[in-house]
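First, the structure itself, so that you have it in front of you.
Every chain is named by a letter (A, B, C and D) in the order it is written, and numbering of its residues begins at 1.
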Amino acid sequence: MADTLKPGDRVLLSFEDESEFLVDLEKDKKLHTHLGIIDLNEVFEKGPGEIIRTSAGKKGYILIPSLIDEIMNMKRRTQIVYPKDSSFIAMMLDVKEGDRIIDTGVGSGAMCAVLARAVGSSGKVFAYEKREEFAKLAESNLTKWGLIERVTIKVRDISEGFDEKDVDALFLDVPDPWNYIDKCWEALKGGGRFATVCPTTNQVQETLKKLQELPFIRIEVWESLFRPYKPVPERLRPVDRMVAHTAYMIFATKVCRREETE
Amino acid sequence: MADTLKPGDRVLLSFEDESEFLVDLEKDKKLHTHLGIIDLNEVFEKGPGEIIRTSAGKKGYILIPSLIDEIMNMKRRTQIVYPKDSSFIAMMLDVKEGDRIIDTGVGSGAMCAVLARAVGSSGKVFAYEKREEFAKLAESNLTKWGLIERVTIKVRDISEGFDEKDVDALFLDVPDPWNYIDKCWEALKGGGRFATVCPTTNQVQETLKKLQELPFIRIEVWESLFRPYKPVPERLRPVDRMVAHTAYMIFATKVCRREETE
Amino acid sequence: MADTLKPGDRVLLSFEDESEFLVDLEKDKKLHTHLGIIDLNEVFEKGPGEIIRTSAGKKGYILIPSLIDEIMNMKRRTQIVYPKDSSFIAMMLDVKEGDRIIDTGVGSGAMCAVLARAVGSSGKVFAYEKREEFAKLAESNLTKWGLIERVTIKVRDISEGFDEKDVDALFLDVPDPWNYIDKCWEALKGGGRFATVCPTTNQVQETLKKLQELPFIRIEVWESLFRPYKPVPERLRPVDRMVAHTAYMIFATKVCRREETE
Amino acid sequence: MADTLKPGDRVLLSFEDESEFLVDLEKDKKLHTHLGIIDLNEVFEKGPGEIIRTSAGKKGYILIPSLIDEIMNMKRRTQIVYPKDSSFIAMMLDVKEGDRIIDTGVGSGAMCAVLARAVGSSGKVFAYEKREEFAKLAESNLTKWGLIERVTIKVRDISEGFDEKDVDALFLDVPDPWNYIDKCWEALKGGGRFATVCPTTNQVQETLKKLQELPFIRIEVWESLFRPYKPVPERLRPVDRMVAHTAYMIFATKVCRREETE
C-alpha cells in the first residue's frame, strides 16, 4: 500500500522498546543494532507502516521520519529552536505560501526548515549565518530534508544589514538581538512581522528596550511549557520530569516612521 | 511601499489603546468607533504599516490580518482549537506541501485553516462536519481567508467512515473520539499520523483505551501552557492571569495489522 | 457537637451558590444578603458544620474561617503574599515553634500571620513596617486572627537596621530588597535563613547581585504555578483561567565572614 | 555566636561543589568523603554558619538541617509528599497550635512531620499506618527530627475506621482514597478539613465521586508546578528541566448530615 521505498529514501525504524533508527536506505546493507541485525533489503519489500524484524526477532515498524524526527535526531552543534516553539513562531509570523522570509542566524537549520516548509515551493527563505561551518551544516541538513531549493544561504555577518527589502517576516536568533533590530526593521515590509528568541530574562529586557525605540507595535513576549502525559488509560498522569525552559519568544510588527506616512 | 490596498481587501486597524478593527475595505465607507470616525478612503491612499488617524485624531496603524488575527476575531459558535495548539498539532502531524489530510469535525474552521495553509495549493484537506450550519460557517470563514480552494467540505456523519483512503494525516475533533478511531485508522496510510484533542481527562482515558486496541504506535499525550509577559523592559514579569487549559492533545501513528505485513 | 459559638467569634457562612460571608457574631443581629436575611441568633444555637437557612430558604453552612479565608477576605491596601507562596516560604525558612523571626515590610500582615502561626506561642515575630497606616492595619488584622501576642510591630524604616541579633530567619518584602540585604545579614544568626519576594525579573537580578556580594550560600530562586481543576468527576479538567504570576521567591542562608571563623 | 553544638546534634555540612553531608555529631569521629576527610571535632569548636575544611582543603559550611533537608535526605521506601505540596496542604487544612489531626497512611513520615510541626507541642497527630515496617521507619524518622512526642503512631488498617472523633483535620494518603472517605467523614468535626493526594487523574475522579456522595462542601482540586531559576544575575533564566508532576491535591470540608442539624 501507499509509497514504495527506494534507495536514498530516509526511513525511521521504530522498535517496541522505543529504540528508533533514522536510516538512509541502501541496497544490500545491514544495520547492526543492540536489537539484532536489520536487513535493509527487507525494508524495500515492504512499505511505511509495515512490520520489520531484526535477526533476533525483535519487532519494529517502518516509518517515514517527520520533520520533528529529523530535527530531534540531527547532528547539531548549536542550541536549536525546539518544535514546540518553532511551530508557534512560524504561526505568529503568519508565514504562508509564497512568502519571502529572512532567517538569521541559521545554526543547524532547525527553524529554517520550519520556515521553508511554510513558504512552500513558491516562497523563499533568505538564511544568514556568519559561521562557515554552521552554514555548511544547515545546507547539508536542509538538503537531506528536501528543502534546500526554497532557501538561499548567505555566509555573512548581519551587522551590515540584509540584502533583501520588504520581506514578509524575519526571524532573528543571535545572542545579542538588540544590536541588529534596526537592520531587521529596515528589511521588513510595512506591517511585516518580527520574532526573536532569548534564553535569559536579561536578553529579553535589552531586546524590548531596543524594540520600543523603533517603530514597532504589538510587542509581545511569550514562553511555553509543554507537558507530556504517560499514555496509560488506567493511570493517566503527567510524566515525572519535563522541560522547564527553552527560550522566551518575542514578537513585534513593523510600522512606518511617522515622517514617511503623514 | 509594498502592497497597494484595494476594495475587498481585509485590513486590521490597530490603535494605540489596543483597540483593533478587522475591516473589509470599501470605497467611500466610514467606520464609526469609540475613537472617532475612520475614513476608509484614507486607507487606500496608504499601505500596510502606515499611520491612519480618526476624526478625533487618534493614531492607528494599517495592518494585514494574520491567520491568528482572523481566528481570534472570527464569528464562532464552537469551541475552537487555539493557535498555540493548532500550530503544534500541524507540526506533530508533519503536514507539508501536497499532503492529503482529513479534518473532522470542522466546527468554525480554525484548525482547518491551519491545515489548509500547511498543505499548500497542491494539497487538499477533506473536511467533514455533520452540522449543516457549522459547515456553512466554516465555508464562509475559509473563503474569507482565501483557503477554500484547498478544502473539500463534506456535510456528513463520520460514523460511516471517510471516503478517502491512504491520507497522510487525520485530525479528529469530536466529543467522543473513541467512537471513530477505527474509521480513522482505515482512512490513514501506513505510517500516517493521527491527532485528536480532548478538554477532559476522562475523554483522554477513553481515547487512549481505543488507540491501544488498534495498530497504532508512538501514542503521545501533551498539554501546553503559554504564558505572556508584560513587555516592559524595566519591570519584566508575566501577566497576572493566563489561560489555564484549552485541551489535551493526543497523537498516534498508524501501523499495519500483522497479517497484512508478515 | 464540638465547639459552641459565642458573641465575638468569627464565622464563615458558606452558601450553595458559593457566596460566603465572614461575620463577627453578635446577639440579636440580622445580616441582610442577596440570598435573604440571616438571623445570627440561629448560628448560636448551632455549631460549625451545621446548616443555616436564610429568610428566603437558601441553605448555607456555618464554618470557622481558616487563615486562608481571613487573608483572602481581609481589608488590604497592599499587594499580599498569597497563601500558595507564604506556606512554601515559611517551610523554606524552616520556621518552627519557639523561633525568633523578622518580617519586613509587614503590609497588611498576611505573611506575618503565617510566620506567627509557625513560631507558636513560645516564638516571636518582629514585624517592621515604616508606614504608620499599614502597621495599624496589620495590628488590627493580627488581633482579629488571635496572633498579635506573638508579634511585636515596629513602625520603623529599616535602612538603619534591625534591633534584633541572631534571628532564626528573616522575610523581606520591599520594592528594593537589594538595599537592605546587608542589614538582613547582620540580623541573622549563623546558618539563619533569608527569603524575599519580587514581582519582576529586574528585581530578582538586582537582589541576586547583592546576595552574591555577601556571605550567603544556597541561593535559590523559585516561582510556583498553582492550577485548580473543576471538581467534576465525569469531566475532570483544569479551569479555564488561572493566576499566571504572583512573585519570584528568593532564598539564601547566612554564613559567617571568613575572618570570623578561620 | 549562637548555638553550641554537642554530640548527638545533627548538622548539614554544605560544600562549595554542592555536596552536602547530613551528620549525627560524635566526638573523635572522622568522615571520609570524596572531598577529603572531615574531622568532626572541628565542628564542635565552631558553630552554625561557620567554615569547615576537609583534609584536602575543601571549604564547607556547618548548617543545622531544615525539615526540608531532613525529608529530602531521609531513608525512604515510599513515595513521599514533597515539601512544595505538604506546606500548601498543611495551610489548606488550616493546621495550627493545639490541633488534633489524623494522618494516614504515614509512610516514611514526611507529611506527618509537617503536620506535627504545625500542631505545636500542645497538639497531636494520630498517625495510622498498616504496614509495620513503615510505622517503624516513620517512628525512627520522627524521633530523629524531635517530633515524636506530638505523634501517636497506630499500626492499623483504617478500613475499620479511626479511634478519634471530632478531629480538626485529616490527611489521607493511600492508593484508594475513595474506600475510606466515609470513615474520614466520621472522624472529622463539623467544619473539619479533609485532604488527600493522588498521582493519577483516575484516582482523582473516583475520589471526587465519593466526596460528592457525602456531606462535604468546598471540594477543590489543585496541582502545583514549582520552577527553579539559575541564580545568575547576568543570565537569569529557569533551569533546563523541572519536576512535571507529583500529585493532585484534593480538599474538602465536612458538614453535618441534614437530619443532624435541622
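Here is the rule we use: contacts are C-beta pairs under 8 Å (C-beta built on N, C-alpha and C of every residue); 3 or more make two chains touch, one makes a residue touch a chain.
Just so we're on the same page, UniProt names per chain: A, B, C, D = tRNA (adenine(58)-N(1))-methyltransferase TrmI.
Fair warning: this is a prediction, and the values are worked out from it, not measured in the lab.
Novice: For chain B and chain C, which third chains touch each of them?
Specialist: A, D
Novice: Of the pairs B-D and A-D, which shows more C-beta pairs in contact?
Specialist: Here the pair linked by more C-beta pairs in contact is A-D.
Novice: Cα centroid separation between chain A and chain C, in whole Å?
Specialist: For chain A versus chain C, the centre distance works out to 46 Å.
Novice: When the centre of a chain is set as the mean of its C-alpha atoms, what distance in Å lies between chain A and chain D?
Specialist: That pair's centroid distance is 44 Å.
Novice: Can you work out the whole-Å distance between the CA centroids of chain C and chain D?
Specialist: Distance between chain centres, rounded to whole Å: 20 Å.
Novice: At least two other chains touched by the same residue of chain D: list those residues.
Specialist: 201-202, 204-205, 225, 227-228, 234, 236 - these are the residues of chain D that touch more than one other chain.
Novice: Give every residue of chain B touching chain A within the complex, in rising order.
Specialist: These residues of chain B touch chain A: 1-3, 14, 46-51, 53, 61-64, 66-68, 83-84, 86-88, 90-92, 94, 96-97, 114, 117-118, 120-121, 166, 189-193, 201, 204-206, 208-209, 211-212, 217-234, 236, 248, 250, 253-256, 258, 260-262.
Novice: Within their complex, state which residues of chain C touch chain A.
Specialist: 201-202, 204-205
Novice: Which of the residues in chain D come into contact with chain A in the complex?
Specialist: Those residues of chain D that touch chain A are 199-202, 225, 227-228, 234-245.
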